[in-house]
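The chains carry the letters A, B and C, assigned in the order they are written, with residues numbered from 1 in each.
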Amino acid sequence: MPKRVSLFVTCVVDQLFPRAGMAMADVLERLGYQLDFPEAQTCCGQPAFNSGFWDQAREVAAHFLDVFEDAECIVVPSGSCTAMITHHFAGIMEADPALLARARRIESRVYEFSRFLTEVAGVEDVGARFPHTVTYHDSCHALRELKIKSGPRQLLSAVSGLTLKEMDAAEECCGFGGTFSVKFDEVSGAMARTKIESIHRTGAEYVVSIDSSCLMQLQGALSRAGSPVRALHLSEVLASR
Amino acid sequence: MNPIPEQKIHDTLANANLQLAIYDATARLMHKRRTALDNPLAADFEAWREQANRIKRHTIENLDHYLEQLEQNLVHNGGKVIWARDATEAADFILKLAKDNNALRLVKSKSMTTEEIDLNERLEHHRLDVVETDLGEYILQLAHQRPYHIVAPALHMTRYQVADIFTERLGVAREVVIEKQTMIARAKLREKFLTADIGITGANFLIADSGAVVVVENEGNARLSSSAPRIQIAVAGLEKLIPRAQDLAIFLKILGRSATGQPLTVYTSFLAGPRRAGEIDGPEQFYLVLVDNGRTRVLADRDKRQALYCIRCGACLNHCPVYRKIGGHNYPWVYSGPIGAILSPLFHGVTEDPWLPSASSLCGACGEVCPVKIEIPKILLELRNDVVKAKQREGSGKLERWAFRIWAFFMRHPKLYEMAGMAAPAILPEASGGAWIQSVALPLRIGPLARWLSQRDLPPPAARSFRQQWRERRRQA
Amino acid sequence: MSRDHILHKVRTALGRSAGQAVEAPPTPWIKIPEVSMDARLEQFCKALEALNGKTLVAGSKEEARQYAGTLLQNRTAIASNAPFLAACGIHTIPGVLTGIIDRVALRDACAGCDVGITSADYALADTGTLVLLSSPEEARMISLLPPVHLAVVPRDRLLTGLDELLTVLPVPSQRSSSMVFITGPSRTADIEQILVRGVHGPGETHVVWV
């Protein structure tokens, strides 16, 4: 079991949701891990990759490899950024064998936060207390690329005082989809509204996810609808005392 | 390069009845599939998918071999194969056949391939009476619309719209009871079946080792089209091949369940040539029109030819959150939903509708349900890359290209990245108590920011980024 | 010529040459379960009844004939030339047409009758499916045009399912120009997803096991 963990907080958390990143750091430190935050980190390249700009995505991905080359274990508060590294780096580096080999070497050392807790640290109860009703949103890339489904639910269920209520459309996309959210703004907005109807049907006070981009979409739509429901990153719940 | 049909999409989203119709119908189809897969009979479903994928891959990779085998066996069964490079060749053959046989009336069962080649329009243009006989297709033919969905073509229509169409086009008294509407269609179409000279069907599968065409359906109209008239024509894309009749053991099981949640559809017809000596009924002549119409172009793309594995079950449409909002008629071609978003650019090139591969949130639900395991999300991503390259060649899309170049430059230079991040709070309105931003000042109300705000509030930029907070935390420690 | 043109394009796309050998396709996925005849009958009846079909497991040919007689009361019917129907005495029920061998005459007769009576070459227990092969004994139209379809079938033709059928008949086209699987009454859900039976084919399906 590694004692030292490198954080890749992602650009979205760094710039918009630092709280989620700090909470993740809190949880990991409480579990006894030594944390390292390589300051040269920026983004995984996903925005360019998903938009078809693979040359630019590759440049940014290569920068990620430069920064994290020597990290023993990398923990990421995002399912889709993790999947970008573990599932898509290789695809855009095929033409560059040296780069490809570096990408292949890093894949097995990158963990989405909840998976790190359940599968590497081997914990379910992190000692958190959060006396609220919560519903969990399956982020698409975490669910379908990383096959993460039960881990976050186990972690939430172990939180003292927390009631987990499943929504009927837990696996349905929130409508974010990167640049999709602005290229097809109306469709994206309609998808978010369908999702928040499902959230509202649970009566939950919070919707929890392991992807900050989903949370940005959902909180943005909740806020626009005047809903009292708040969107939280899993780390924020797990860091609560 | 067609732009995004924004107005049409807006109209679809703003039509509350239509939204409900699409959402309910797809929800029901998803539920039926789920129920069928939860049945113990489908315990091997994942293994069937894997096997179906392997068989399709093998067939497509050796397509010439199986095409020749199919032809040889079909000719042995007394049928004839017509190879059509495109829509015109397919229609020309049918026109000539009709003329040679003094045929004026043709009955047709549901076929996406004939939709794809606009067969009805081409035949009607030569004053032939072509009648769609699948109930949904019949309604659409009367309404002059194309299918809204691969499996449920009139999914978007209500009984009241059907009543209007029947009254207007068939001259019958207004009838809004669905059972009675169905019986009106049955009576009208029964007469057509009994007087038609030629029946046209599609094909769900072409069986190489048997020289046969397999058609699955629930209504009985494909059986009638193939067996009542004296001439049968099956129109099928080249890619519909599977090597052996025994492969149906998995293909029929995955098709019915994925499409409508049925272990087997009501009718499965295995048709191998005209009626034989001693057989009482069945057609006297049997033709298979094998249509290329762009398929060989798709075949040439090694990474994406797997799109040709598609068995047209429609599951990816039902599970697609984008299809469930924009419906079937905002896609530029007859194939809608995720499979349409990859087939259309593969058949026609990415430059015609360069927005199409981007009309997806990449949620991956399509790939998860595809019974032949086509990697639809991966192909969508590759097509987006093809679009970028095509635009670069044509010198268009400069703004987006430069935006990503500059973005990548910043992302490779952490100091610049950090400075840019610090600028955001200065530009955007002060966050009051962490409240989300509902609007921004006019000069900022452009581009992606405006489009984000058209639907949702914007997170207030953090006063201090993670890295700034981290440094402080480390200093204090 | 379009044929050669298309085949050439296919081969170019795949990097293959004419006549190039093909490795064997993956072995067919065939799994035949062990199911007793009584269990098969139960499965078949359950599956078909779930689709609104009617079933009867008759103790004798006479019982099958009685069922048909009751069903046919005051109705016209056309029966196929299957010897098993004759053996059950179906052909001698009043009002039953049989023995037609002309294509058009048969079609017109079917279009005018209330009930079509056939046997079946095989049946599939797990899905409640009848399998009919076109032949001098079984025409295509009888199970299709009349609003009611009655099949009278000897129980030894009941297979476990599709996999077993494709083992018994690995290349069905060797037997007939047409093989059809019938799984319940004709149905549609094309308007508002509302289920309606009997759209083009029969709205009622009866199967009597002898």
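Assume contacts are C-beta pairs under 8 Å (C-beta built on N, C-alpha and C of every residue); 3 or more make two chains touch, one makes a residue touch a chain.
Being a predicted model, the structure only gives us computed values, none of them experimental.
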| item | value |
| --- | --- |
| Topology of the chain contact graph, where touching chains are joined (line, ring, star, complete, other) | line |
| Centrality ranking, top chain (CA atoms only) | B |
| Chain B and chain C: spacing of chain centres that average the CA atoms, whole Å | 30 |
| Whole-Å separation of chain centres (CA-atom averages), chain A against chain C | 53 |
| Parts of chain C lying in touch with chain B, wherever the complex brings them together | 1-3, 5-7, 9-14, 16, 18, 20, 22-23, 25-26, 28-31, 47, 51, 81, 100-103, 106-108, 111, 124, 126-127, 129, 134-136, 139-141, 144-145, 162-163, 166-167, 169-174, 176-194, 196, 198-202 |
| List of chain A residues in touch with chain B within their complex | 9, 11, 13-19, 21-22, 25, 37, 39-43, 45, 47-54, 56-57, 59-60, 63, 88, 91, 140-141, 143-145, 171-173, 175-192, 194, 216-217, 219-221, 223-224 |
| Interface residues, chain B side, partner chain C - complex | 21, 24-25, 28-29, 41, 44, 47-48, 51, 54-55, 58-59, 61-65, 67-68, 73, 77-78, 81, 83-85, 89, 133-136, 139, 152-155, 157-159, 162, 178-179, 181-182, 185-186, 189-190, 193-194, 207, 209-212, 218-221, 223-224, 226-228, 230, 238, 243-250, 252-253, 260, 262-276, 278-282, 286, 290, 292, 296-297, 299-300, 305 |
| Touching residues (chain side chain B, partner chain A) in the complex | 4, 6, 9-10, 13, 23, 321-322, 325-326, 355, 357-365, 367-368, 378, 381, 383-388, 400-401, 404-405, 407-408, 410-412, 414, 417, 421, 424, 435-436, 438, 447-448, 451-452, 454-459, 461-462, 464-470, 473 |
